[in-house]
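Heads up, the thing below is written out as structure tokens.
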């Protein structure tokens, strides 16, 4: 079975794939004909695909987020690859394929990531900080096992948010050792809370974001997390103006660093400065790593990466 | 008694004034001598003043925010007016002067302004919106009678915040009549809540801001108001994700319009767009009106106004 | 007859519409075939439409800005609706339809709007200001009955410019009452003159702008209005450097507020500050109102609105 | 007699100078004493100076823009040189000094510069363009003999504006020869008109700007020049919308290139693009030349030059 | 034979053209068919062209940068002209056409331009400056005969870089005469070196850039030229920190003026300021001249020009 | 002996300090008197100080960068602390104080830091990368023991540059372990080379920068380092266009990330992205740590920190 990342122009292939999206459309011809416009994906990448001359049965058989077996031909259209589907049928039980094999996901299992996060929460020494963090994590605990960290920007896959958190926690741990003046409880709490509202800001399934929620657009994950800390404090009986509550809200509110990036206040505590840069370095390096991994090895340059000043990345080569 | 706004270079004068600030300093001379460095103010404006050769008694007699009787001489120092104090004593009971006569304040009495606001709150038709607004107003009700709307930017005087709200409510009322598709309850609520946390963001006395509070710097009045709405909803048993709560939070969070001006989300409801512009037009026109009022009538141009792209305003004259 | 705003995917419909634009194009097929690429519009909105296999007669029968009777089928192409035309013929006299029923227009009749403007001009107390305004209005009096206020930005329809002026005059009147230090004559004059050159800056028919004029591109409506005031003063024998002429030119030149928005000077008179914000609030709220009105009621969000920081607007709903 | 540019710390000197400004001020001492705070200048530069313990006679004897004979001592105050005046008296007829010897001026005589400009105007082939230019030049013909091109930015001295024009005309002539597609009449007209309103935008005496005029602040030299072209056309009976008038207005309006630099439209004709860059190159190189000329030869670096991105310029040296 | 610039919609034509690019693609039809997607060009411009139903022979016969004889029909597709090819064959020896007749090139022969540059190098008086310049020119001497100055921005044709240099040298010569304080050796050297690394930054054939080189993307022509000056100095035994080497590097490094335009330092020598503006004026006027030359004479406006703030240019017309 | 950081208003104290700067100035009095204007510093901070009525002997006895014993009184002048010197004498051999005790320095000894850097260089596996790095380090090896990393921005003290490098190397090591796709040799080389030219860009003594060098201003440390890599390659016989040389130059040239921050190219290799963020996080956290350490413990807020968006940092406190 061929991985999508390995398909090239004029390749004919057979394999199982996930229908990431599917729409019924009409051609320009007279009379217009129905065709299925789909996005095939597997864990290695995705490609647009067309089933021309779709029959009424076809239109009732296939649906988004379903697994299918496809025989196809890769063509070039407007300088991009797309698949002309020659044969297609839904996957059956006896095919022995399962959905989670066909989606991109973090390189560590979600269960393990969420368990690591739980352990870090338990390890927070300060009672009030720990309980506020636990309350907020509790609001999205189930979704944390699959939520991505973004729609397309970085860690946009199954378990991406938890993976981002865990990597940041590792780096935070390193920095607290290197610079003991940093408060480790606050930094851990800030890392876990900074994007904690993302699972409610975006509507996602299997790590794939379909859209932003109304709350996500009107309030945004930064203010949502601040509100959740308020809710936690009220429900836990902690004073709303205690230094701990203010510090946690400051960490969350300032983590995008600048107003034009969405933070209503700028970092003004050592831990808030650290949080912003830990977030930035982990997100940027993951974008680079993911772009290199999903670009064919024969290519010297990745596609343009929006989060890196819209620059492509060159595959480091030192021979020569 | 001469108003500070009317004093000119070389004027000698006698009058009662408020010591807006006072510090003991030393001259460069050998040996150095103590002097009092003060800011005299009345309702018309303020001027720096020096009491040279301050005696030990002087240093114990005068304090900030106290009323004094002064005989002084106006001089020019580095192109600005300052007062050399010839005689000074504290005001006494029999002088019959009172503090509030010496501070700048809104042209309508605070009591009246706050009563107007209360009436508007009572007039909100929707029960949940009304109770959330009432809860938030209740957190600062006492301070609302004197709080300014800003440190220096606009409405920076006794009752300035309430005055700003009332004027905005008048304009909001006009617009709801002109454009009935606007929801009047939401617009009223947005106007009252948008700056409701300012009395806790800044530390003020008699309408004069001395500094920002820790909470004001770390969280800011925009996120504070959003948090208060959350608190209100929790305590009143209203769902945190109900459209009303989200709408009120959106109004508050978006009222500065752009991220670089402090709003983590941009206006995305009709009432939020209206709120931003009602706020802007009232603040800007008040800056102009106040600048013209505190500039001597003989001057064609006001000083530069930071909130107006740092431009001066020309006193409109049509004869000619 | 179905309004364009109510059409959905796969709807088949019959009705009268205006051909806002029409072009003859060729398909990619071998041999290529001619088709008509049109924009159908009525007062509620517009949709692209194709007449495939256009006959020589078709190509001579239909023309832009003509009324037609259409039988069509709504399809989706590249995620947008477009109409496949099944039958089409020109409207006839006996159909009893008239052009102005099919264009978007202000909710108040043009005649009434222009009369209101004339009354306001007559009500300007100062003789020189009134005559300069009358002279400038006279240069575009006829076009004022149909000119839009912009190509697409806001009030982009029949009578849109006059409607924008009248609404601004209402708001200006309110503000002059609320803040009597504003000069009402100047503010009225500024509102009427600020966009007075727009009918010459853009080439429009029935409220639809087809392009900018050479003068509009090389000089622009802001400097054009300033030039017209100069012309008025020369012809009326008013001194070019009189405070009134300078004030009127200042109002016009500064009304876009910032250099990057096209104003060579920034507002430096109270009335100029007021004018800029009155213009802004009326334009922005009209964009919101128009976007909500032309978005199907089933949609929660309008399309992105360029003039609102490219944000969509959420349809306010308070039940829940 | 020592040139101001040559004075160093601790130098004692005698010479004639111009009092560019003068104010009576008071010291901090008890009792305060009057002193004269002056700016001494000659053609090579300027220095602040103090006459301590000014007598009543002193205060009546000296005035701004007067010539004086001074014996002084150069001191350092806050890292800058200033003169302590030991003796001072007004210049007398028998001293044989004249005002114009003490001001900075263009290296070519004003009469010659203005005559060159007149010759260029006469050489414009197109009748209408020539007469519009002549009309506008006529409005400031007298002031052109002494007006500076700016307050401090560049060519800020006696005859600076005419000198700037003449140098630009030379460069324009070179470019029209190098690129014959440029229209020479338009380019000459644009060069002469682009800053023609500056003598009315700023109030200047002997090439020294004291302030901006009200018209300069409310309308600005760019829109003023456009208005003058309108006036010329009306008075000369040329159509206001003729291509020539529009082209001249476009040249003037667009010559600052960007909105944020004050141009309401951007260059959209070949000659307008040329004009902007001819203006830029002449202004920038003159800033550099003037900064090098007024910096002591012993200094490697000039002071920071605001018009050059606030950078200092290094004195080119190639030995080594 | 028809020039490409003269072709209009529905024209049928026969002529020789260069295939600037060629790709084999498939149609959407069932089964998909191969077609050739080409760009035809001659010295006057370029047009996209399609050969539908390409035979296997066709696919082996035509290749990029080959000359062909074409019979074609001009059609409109998505508002742009494109050619439907009716007949096509490769050019033969007996056709008597040669490649260089079909590409855009500078109006002066490359040999002459390069000889002029060599003469200027020989005329540099200072031995070390001359030899550094000669060394750097030597690294690209062969490519200089055909290299363009940019991919699309300006002078994007055969010999464009040398033409740009020669025109700049003429203007530099004029300015050194007008302002003798400029060092002519440095300015000549700066003009020749400022873009000297461009032939290695971009991969070009016949003046047409196909892509940026790896070195061009990772280091860029500005730092490359600085490195070449270092290399020259090491190899010629000139001290790396001598004022001459630093000056040459400064000229090259600062010639884009601002950091956001790619210069790591800003101009801080008179010659560097001159260099930047000579470069700017020559590039901008050439953009305008080329845009006017390649726009049909019947068009009043050129297409938008990215390097001119994305504005179109109006064809100057003075009759009227 | 009192540390400077501990001095408060009105404190009288005795101690040894370093004269970081010293100038002879005159008072305004008649006749003016000489006084010494000095900056006293020790390892904890610095304070301005005045010796009034300086005798001729005083003026010859004291000089910048000398150690002195001072008896002084702390006063407030313009809201800032300054010292009035009561007695002062140069330090003597028998005082047993040494210069390096009085300057701020990295918390690890310079010798140890430089040795660590040497070890890392030796540990680079690739021969060519290692030798290029060794060559460049060799150019500043002596200065590396004391050079600061900046004039005021961050690590502005004795050994600051080496300390910055070593901390970055630790963080780089952590990231290479966390993300094995990063090339460790390149990242180490990039960290060591990125600021390697700073000791030649700035003139420093004992870790205190007095000014930028001519080379530093005209070329800048970024292009200087690129030039040094070129020089190393030429001298070591490595091809100038080998991937290793290009990669090292890319790392150095892109490490400021954006053009407006001084990088002529943006990061386009994984290691370049990592380098930029490692540099940023270490610099920012050091600014915070240094600001907290040099702010009196009684202060809640540090002064504004320019490198942190000009924000102050709040001293984290969690009790409450």
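By letter and in written order, the chains are A, B, C, D, E and F; residue numbering begins at 1 in each of them.
Keep this in mind: contacts are C-beta pairs under 8 Å (C-beta built on N, C-alpha and C of every residue); 3 or more make two chains touch, one makes a residue touch a chain.
It should be emphasised that the depicted structure is a prediction, and the values quoted were computed from it without experimental measurement.
Novice: Give me the set of chains touching chain A intersected with the set touching chain E.
Specialist: Neighbours common to chain A and chain E are C, F.
Novice: Compare the contact pairs of A-E with those of each option in D-F, A-F or C-D, and report the one where over half match by residue number.
Specialist: D-F
Novice: How many angstrom between the C-alpha centroids of chain E and chain C?
Specialist: Inter-chain centre distance comes to 43 Å.
Novice: Just the number, please: Cα centre separation of chain D and chain E in whole Å.
Specialist: Distance between chain centres, rounded to whole Å: 40 Å.
Novice: Going by the contact rule already set, what residues in chain F reach two or more other chains?
Specialist: 214, 217-218, 247, 258, 268-269, 312, 314
Novice: I'd like to see which chains touch which, written out pair by pair.
Specialist: A-B, A-C, A-E, A-F, B-C, B-D, B-F, C-D, C-E, D-E, D-F, E-F
Novice: Which part of chain B faces chain D closely enough to touch in the complex?
Specialist: Counting only chain B, the residues touching chain D are 27, 50, 52-53, 75-77, 84, 300, 314.
Novice: Name, in rising order, each residue of chain E that touches chain A in their complex.
Specialist: On the chain E side, the touching residues are 23, 25-26, 28, 30, 32, 214, 217-218.
Novice: Where on chain D is chain C touching in the complex?
Specialist: 214-215, 217-220, 222-223, 226-227, 230-231, 234-235, 240-241, 246-247, 249-250, 253, 258-265, 268-269
Novice: What does chain F use to touch chain A in their complex?
Specialist: Touch list, chain F to chain A: 126, 129, 167, 170-171, 174-175, 178-179, 181-183, 185-186, 242-244, 247, 257-258, 266-271, 273-274, 277-278, 280-281, 284-285, 288-289, 292, 308-309, 311-314, 316-320.
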